[in-house]
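Please read the structure below before turning to the comments.
When the chains are written out, they are named A, B and C in that same order, and each has its own residue count from 1.
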Amino acid sequence: MREITLSKAVNEAIAEEMRRDPTVFVIGEDVAEAGTPFKVLSGLVEEFGTDRIVDTPIAEPGFMGIAVGAAMTGMRPIVDLMFGDFLFLVMDQLCNQAAKTHYMSGGKLSVPLVLRTNMGATRRSAAQHSQSLHALVAHIPGLMVAMPSSAYEAKGLMKTAIRENNPVVIFEDKLMYQDKAPVPEEEYLIPFGQANVKREGTDITLIGTSSMVQVAEKAAEILAGQGISAEVIDPRTIVPLDEATLLASVKKTSRAIVIDEGHQGYGITGEIAARLNEKAFYHLDAPVCRMGAMDVPVPFSPALEDLTVPTPERVAALAARLVAGEMLHDA
Amino acid sequence: MTHEVIMPALGMAQETGVLVRWLKEPGDPVVKGEPLIEVETDKAVQEVEAQADGFLGSVSAAAGDEVPVGQVIGKIYVDASAAASRERDETVPEPSRSGPEPAPSPEPASTAPKTEAPQASNSLGVKTHSGRVLASPKVRRLAAEEGLDLELLVQAGYSQPFHVSDLTALRSIATETAAQSIAPASAGARRGRLDAVCDARNLATLREQFSSQAKLDLPPGVFFARFAAQALRASMDRTDELVIRLEKLEGAKFAQPTLYIDPDQSRLTTDPTESEAEATLILRDLTDSALSGVMLIDDFSGPILTVARDEGRGLFILGLDYGTEHLTNDAAIAVLTYFAGALADPLVHLA
Amino acid sequence: MTQPSNTESYLRMYTQMVRIRAFEDQANQLYLSAKMPGLTHMYSGQEAVAVGICEALTSDDKITSTHRGHGHCVAKGAEFKQMFCELLGKEEGYCRGKGGSMHIADQSNGNLGANAIVGGSMGIATGAAMSARARGSGEVAVCFFGDGATAQGLMYEVMNMAALWKLPVIYACENNGYSEYTRTDEIAAGSIVARAEAFGIEAHQVDGQDVLAVNELSQKLIARARKGEGPFFIELMTYRYHGHHVGDINREYYRTKDEESDWKSNRDPITNFGRWLTEQGLVAPEDLAAIDADVYKDAEDAVAYALAAAYPDGSEVDMHVYAPTDPATLRVGG
């Protein structure tokens, strides 16, 4: 099978859906000729023109609000938010307007839009261009949240996101744009709420999101060398979350670590760990552990920044301690 | 004759030392020149040898304690019994941690799955809360499903917390324990003996009434077990589970023993259990034999109650053998007195 | 336009204004008698704005509304029963009781909903206009907002884009003199219309108490917007009779009773329009009285209906969080 970059996969997904459905359009800063700073959208404006690949002023709340209005009236906008950090700018339009419209209207109005943005540290971009803020939106009922972990996932999830009748926030890891993965030529979609068991194992479940799936897979390799069999699961979408697959795995392995690049405090890792704890308690042979990013603003210095995110080595070390039955904290 | 173990001064300007761990436990024999403690000074850990032969008695410092140089941290006794009796010397503060002292692991934690053998420690050390067994939710559930008591692992010295990997060990300990439910009396224990007689006719009448009015044929052992349990509770304020093991001598042979669990809290018609729980008390029913009392060669350390019958005088002949580790003399007297009273007036005591 | 059709449309405007007033009188009573949960904001006094504009729109044209939105909803064609049911949280409400006073939406008449965030719907209205143009529907979107919302940054972001892209949107600023509990001149520097003009948007100021003036201007601007000459901005000078919300009773610290009574006595949009209709000989005073009586009767009946109506079943609490998507469309080739 051919291999393409995640960037190309996203581009293909959007182009395919724009050809399929004339109501789909892209709106955001420097999406047309510039094709975004990461060049993810390059070439789209040549095919679809500036009416459907719409460059905006630097006005995130404004174009987010415009997208909400367009979505409520028959269009399917794809909002391009240049950096995930700018989510804070669009929170009212995303969380007070887009997320709640269907509910507040008793189901009469809906907001089928995609907000595509990015996440991920270690690009030396410092505190305002490195955040992973998916927990922020996953907290808001009415929003769906997808977290592709490879080019293959990025394409399939993007196509589903565009066809969904709900606001979907899709987070791409900006460090993965040039990562290649096998992506079939033929059309495919990846359904929401269906986790992907990337690797089967019996001793511990490693649940990773986005780029942390790769971290989990590398950790599983390290662990295999120590005779520990780790299962790796990519939830793909955190809203909706495929609890059934996660629970089945944890009931099998009795142990789990949830790995995510958002801040650990009050984050995705805690939410998933809590659900496993509630629903698989009597199957747990060790505490379900969280490994998120450190609860510090992302520092600039490479020497510091690399300390803030989970690494395969740290995941493997924690997993080994859990499998060994070590007590992590004082009783 | 005792020898004091003292926090040594190992450094030039050392005021205190950290006791890393005891290499012996209280009661262990100690040979002069053998490593006895590990002490940390100036970030270096050194072994300190015992200065005398004997047995380690009370210790007043626990692993991790910082102790001023020159302070007594334990005592070596020349004989074992003295060491044992001094283990709870009230003048010496208890070690802050109960159970076998956890030693800080000098190496990073093992990543291999836990083996069946008891592990000495883990990197944090385990502080058990009083009575609370630390175990994973899963091993708790599985142990409960199999009727296994995690406490057995604690008693066997396995380090906590327990995980599913400890189940294998727990199963084998439980099997051994069941086999040894008639446990050998410990060497130092002493046994006592009490005898009594009481009227047997009222119980006979009561059993006839059950038979004629309720079509219930209740063997005397049912009543013996119930009243024995009542006697233990009433005399000793026991609220835990009482297991009465009934051994009936039929002619010249003991029948298969039967177990009654909490018979004082069950219906009279409750059948004996099939389980192999450890007996609290053995009840020997001699009423269908010619014997009026037995004192067998026994491994059981708990109380043994015998009931024989004097047919001619309409009396039960009662005997209570007991070990001092289970019953004091006063408690034994109270138990047998209650039991005799209940047999003499069973209707009242069935209420 | 011929005289009879004008009269017909005048009477319709009159009736719609009376309907808004009657609705608000009833809502006020419901709230004060503790029969209505939550909080609500009265539109009374501003009727000519909503009616003058909405009478110039088709039912396909879109509006976005505000927390003070009952008037827009009525003017855009909503029914009393579903509105009162919504205000009372009943199952038959426009939003099945999930929105309430501040979130009434009536998509069948093009009302995209009231918004409890001041200025929150400016993007939505602009987006609806963008959508209308993309779909080639010929629709126009009107964004209702108050003078208070002119302080929100979102307004300037979307007006900038609407002007750049010549979107068919009309920004209707209802300047009722007060930004919640504060006089507008204390929160708005310079000129409000000049702000729109700075983006090259044609802006007008009009007497918001004069329904004919509002309607006439709206007709023109809406027609031009449909032809791609938008966007436009209108500042409608009006007055709210009640406090910021129904419970805002003691408001002398920000405005006098004399001022209120002056607007009510001399500048009431309904009274003045009714007087004009009779003075023009278009309608007899008793005909207007009959209209008033009918409308008030309708409102009372609707209130009684809504009070007796059922609450939604508890099972609806987690319905409508997510819109269903046809599984077929989520498949290859779908």
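Heads up, the rule we're going with is that contacts are C-beta pairs under 8 Å (C-beta built on N, C-alpha and C of every residue); 3 or more make two chains touch, one makes a residue touch a chain.
From a predicted model like this one, the values you see are computed outputs, not experimental measurements.
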Checklist outcome for this item: Most central chain, judged by mean Cα position vs. mean of all protein Cα atoms, is A
Item to check | Of all other chains, the one whose Cα centre sits farthest from chain B | outcome: C
Checklist entry - When the centre of a chain is set as the mean of its C-alpha atoms, what distance in Å lies between chain A and chain B? => result 57
Next on the checklist: Roughly how far is chain A from chain C, centre to centre by C-alpha average, rounded to an integer in Å?
Outcome noted: 40
Checklist entry - What is the distance in Å between the mean C-alpha positions of chain B and chain C? => result 82
Item to check | Touching residues on chain A, where the partner in the complex is chain B | outcome: 203, 226-228, 254, 281-286, 320-321, 323-331
Next on the checklist: Under the stated contact criterion, what part of chain A meets chain C in this complex?
Outcome noted: 23, 25, 51, 56-57, 59, 61-75, 77, 92-93, 96-97, 101-112, 141-142, 144, 160, 163-166, 186-189, 191
Checklist outcome for this item: In the complex, the residues of chain B that touch chain A are 109-114, 122-124, 126-129, 132, 134, 136-141, 160-166
Checklist entry - Which residues, counting only chain C, touch chain A once they are in their complex? => result 62, 64, 93-99, 103, 105, 107, 112-113, 115, 117, 120-132, 134-135, 137, 139, 141, 153-154, 157-158, 160-161, 164, 319-325, 329-334
